[in-house]
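Down below are the structures I want you to see.
Consider the two complexes below, in which chain A is the common component and chain B and chain C are the respective partners.
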Partner chain A sequence: MSYYFAILGTNDSPLYELEIGTYKQSGDGKPNFPIEIKELQQFIVNASLDILQDQQFKINQIFFKNLDAFYGYQVYSYLTQGNIKFIISTNVKNQDESIRQFFIEVNELYVKNLLSPFYNVNDPIRSVGFDSRVCLLAKKYL
Partner chain B sequence: MSKIASGYDPAVGPRTTGTTTVIRPRSSIYDRNLHRARHDISVSSLSFLFMEMVSMNLNQAKSLIELERKLNNLGYSIGTKVLELASLRENFNNNLTSSGKSNVSKREIKVLDILHFITSVIWPSLFEKPADNLEKSSESNCQYMIIDNAPVLMKYISVPKEYEGLNCEAFVAGIVEGILDSTFFKCEVSAHTVPVEGHLGRTVYLINFDEELIARETQ
Partner chain C sequence: MSKSLENVALGLRSKFNENVYNVIGLDMKGAPSLICKQLIVQNYCPKISVISTTSSDALASSLGFGNFLELLRCFEQGLLDQDPGITASNGSNLRLTVRFVSPIMDQLREQEEFLQTRRSSLGGSASLGGSDSFSQTFSVSELYNLNALDPFINDHIKDVDSIITASDDPVHIKLARNSIYLKLLTKSISSTTISSFEFFNHPIVQLFVVTSADSLETVKEALSGWKRTAYPSWLDIESILELVLIVVDPEKELQDGLRLQEELKLGVGVKSLIVPLNNSGDNVDVGKPVFSQLGEDMARTESSERGLPRQVYETFSDQIQDIIHKQLIPHMERKVRLWTEEYVAPRKSFTGRFFNAGKKWGGNGAKKSFFSFGSSEKLETTPEPSGSSYNKKDGYYNIKSPEMAIRRLADWNFMLRDYRSSYTTYELLKKDFLNDKAYNYLASLQEFMIISLLMGASNKVNPLDKPPISMVMNGITAKIISEVINPLVDSSFYSYLSRCNLKTYSVRLLLIIAELFFILGQSTAYFGHSQASASALYYNEAINLFTKLIDSHLLESTTNAVLMERVAYIYSTFGQPEKSPKTTVKESYYEQDNPRKLQVPKLLSFGQTRHRKSILWLLLAAKELDPVSKPAQTRLLVECIEDEIAQVPGHDVAAWMHREDGLLYSLKKSLGI
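Presenting the complex of A and B:
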């Protein structure tokens, strides 16, 4: 039971990626993707971008659940006003609400990061502080 | 194995939870609250800073057009940032007022909606007042105008005779352009002084949208 989380920029380049293990359902907090799926995660997420792009200017929702599915992996997405995409691909079921909460809090972290004068839109987020706080959020919600 | 905490590196690949010992770093920008109600700065210090920006760019630029372009570029990067912040705050406030569990967060995806968002949400957050008017050009489908009768940054600026036609609000035009560009509303924005009686500093921000965009809109 694991999550793959990615932040993608306006030009679909990855800004941040994280593999998340869950502590719920007696997990130990470490991601345990099967090796063949682990390598595919980035493809799964990228493939779902086409669907997201179709919706982008038709529906004014921010959060999309069940955006895409791949052999038991569901893709959730969250699109900010500035077209930054937060995407999660996971095989954990029935966690819609906590994933939404997670996205909302990450959005706040992202904006705080964006307000730094040394960060520009579409740069990879290398900040240690950002990373550790996303990990804490993941522990809290996922 | 416990590694020292390090940030995301695109060359290495995704980070994983549970492998690093999470050290809580010293207090940083991530600990600040984004939803403070008021965050004022004084007009005089803002004007002073803006004056320095203009004079620095004036010394570096060879022509007035170049100066306006430089100011525009400075505004652009601010626009991309202020957009995300304003939209986050707006959604947060909407969720607060609609009491409790709700899902009213939304994005603006229509030209008119985003322009309205700029004049009524972003303008007050930057200048403490909404823009005075929003008009559609009668000549072209792609042109819109945001009108401000008394721009805050122009308060203490008077343009000398030999710089006729210069409008330092090119900076704010850059902000608007940055906002619209990062929401994927491709456009060009320019600022023009159009004085009327009683409002000598009245500025019109002319927004020229890409034709493709109008086509997307009418789909």
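Presenting the complex of A and C:
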């Protein structure tokens, strides 16, 4: 039961990645992806962008649950106003609402990060503070 | 051992394939769907079973063949190459292809032996009588040996590898690679297994090959001999057309041949044709038949190079054309007309329906009927309720039953490429089979209902036809797919696999229907923008079915890898042909562009393509193929992936894909790139 979370920039390049396990169901927050999924994770997320691009101008919403699926792994996505993509691929079931909450709060963090004069759009996010806050959010919601 | 491309790639010289490649274009990842469609259509062609006398076999062996059947089979390829495919322009004048098969009794015996060995290996009692009769409880056999499929594909990949390493021409490499999937497709749909619930493999013409040296008695013996065998009662002997082929030497034996022909006509009443054989001229190379069965193909891989004297080749080619166009097709059309009048018309008419309904209530529901009151115990012991000709105990319909006649009619319509009639005819039987719980009959019926439906639809949107765009309508909507096609596929798949335990049939079902959806998608996409959503719908259906087949664990790893590659090809053709931008680039309003300004993605194709999905499936295929055992193939796939990645804008994305914890990196590492 693990999550792979990625923030992708406007040009689809990765800005931030996190692998984290669930804290619910007596999980300890350690990711435990099987090796064949772990080595494919970035390709799964990248592939789901094809579907996201197809949908994003057709459907009037920013959060997509069940955007894509790959052998038991569901892909969720959240599109910010600046066309930054938050994507989660996970095998945890029935957490739609908490994933949505997580995305909303991460969006807030991201916007704060964007306000920093030392950060440009589409640069990788290297801030330690950002990372620890995202981890805290994950602990809270995921 | 290097092989030439002709031996490996299918139908290389055929005009049809050239046309297709002109329209669709050659791709490393897979063959165009239209070629696959041609293969599917050609697979369901009429069969001609061949019985030869010893003297005609001797003649064949003097030309370097084991028997006459083998000689005749060499002409199959020529017929396939000439087949222009189904287009609007030549819809009426048919050019059917045929296949030559061994006599029915031999085929049945082989099937039974195969079943017996399997049964005995499972611990059952095996008793193989050498008698002339076949048991009525002939159980259903698989189309081919499924275990042989994976080794076969592996062997073929080795042939392809030898071409790839020998050739630098990218066209050759692509053709050779495309042939892998085409081989898999032909092998997994073609079969000569005679089953009780399908008539595609029941021969339509029984050909006797004799020479003028044979006496009338020998010929008579052969003619009566094949009918004497006690066939299972689901097998139809009556509607097979008997035909005698008299091979003569035109200089010496023509008179003998003519006399024999006359005698046959008067004495036995059988039509015969004379083939003057002139053994001269230079040699013509003849290829292996494409649709050979799995086992037999493996047995004679060495003797693939064959030659025939030109004169002999031409004579036989003409003669076979004659048989097809003057004997076979008229015979089939006559029978189709007859059966339609005899069986279909009454069913469709009002009175027919009325009586049918009455029979059903009187038959199966007799226990509840007023008149049988008090005798209900007796009724239960009666062997079979009237109204159905299904033999419940042994699980087959008698060939004389109207159900079988209708099924046969539909199958013949299908072979004559009249998919509309075959669909409506199949539909008549659905309820009967369901009521009788004849699940193998039902599954096959459902399968061919969908195939005829999709085939008919895809014929209307053939890119080779170049019809005006406004005319293009195929009638398969999302509603039809979800309400008609998908339930039928699911039920047929379930019946084949779980009720009847027929794995090869399930594979065939999914493969053909997935491929047909892809054909629809690719053809519809060809007709432009307004059809984009429809074609995406078909593509998704095709991908769903392919993944269903991959996930069903019916096939082994190499075969699965080939199928994964097919999925990748479908994804990569998504949204093709690509739309060309109409607007020219405007001059920038600003004197100097802001370098930090974000790039606008290509909006015309935004969300239309699935290249990234394609990358994912290519990776899966490459992993399944295994870089250690098949390095050449995996290397090509990895090159394909890198090409795709290179098209994605942005340096960061490429770096992300190539990262060290990813599959692509480990694949490249094990390949040593």
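The rule we apply is simple: the second predicted complex is superposed on the first by the 142 of 142 C-alpha atoms of A that agree within 3 Å, B and C clash if a C-alpha of one lies under 4 Å from a C-alpha of the other, contacts with A are read in each partner's own complex, and residues count from 1 in each chain.
Assume a residue touches a chain if its C-beta (ideal position, glycine included) is under 8 Å from a C-beta of that chain, and two chains touch if they have at least 3 such contacts.
These numbers come from a predicted model, not from an experiment.
Identify whether chain B and chain C fit side by side or clash on chain A in the overlaid structures.
Result for chain B and chain C: fit.
Any idea whether chain B or chain C touches more of chain A?
Residues of chain A touched, chain B against chain C: more for B.
Using the superposition on chain A described above, determine whether A:Ser132 touches chain B (first), chain C (second), both, or neither.
The first partner, chain B, only.
Could you look at A:Thr10 and tell me whether it touches chain B, chain C, both or neither (first, second, both, neither)?
both
Applying the document's definition of touch, where does A:Leu49 land relative to chain B and chain C: first, second, both, or neither?
After superposition on chain A, A:Leu49 lies in contact with chain C alone.
Looking at A:Val111 after the superposition, I want to know if it touches chain B, chain C, both of them or none. Which is it: first, second, both, neither?
first
Looking at the overlay, does A:Phe63 come into contact with chain B only (first), chain C only (second), both, or neither?
first
Which partner does A:Leu40 reach: the first (chain B), the second (chain C), both, or neither?
Only chain C is touched by A:Leu40; chain B is not.
Just to confirm the value: shortest Cα separation between chain B and chain C in the superposed three-chain model, in whole Å.
In the combined three-chain model, chain B comes within 6 Å of chain C at the C-alpha level.
Pick out the shared contact residues on chain A: the ones touching chain B in one complex and chain C in the other.
10, 14, 56-57, 120-121
What residues on chain C touch chain A, complex-wise?
The contact residues of chain C facing chain A are 596, 598-599, 606-613, 615-616, 619-620, 648-653, 656-657, 659, 661-664, 666.
Show which residues of chain A lie in contact with chain C when the two form their complex.
9-14, 38-40, 42-44, 46-47, 49-51, 53-57, 70, 120-122
Using the touch definition from the top, list the residues of chain A that touch chain B in their complex.
Touching chain B: residues 4, 6, 10, 14, 16-21, 28-31, 41, 56-63, 79-84, 104, 107-116, 120-121, 124-133, 135-136, 138-139 of chain A.
For chain B, which residues are in contact with chain A within the complex?
5-10, 13-20, 22-25, 28-30, 32, 34, 77, 80-81, 83-85, 87-88, 91, 103, 105-109, 182-184, 216
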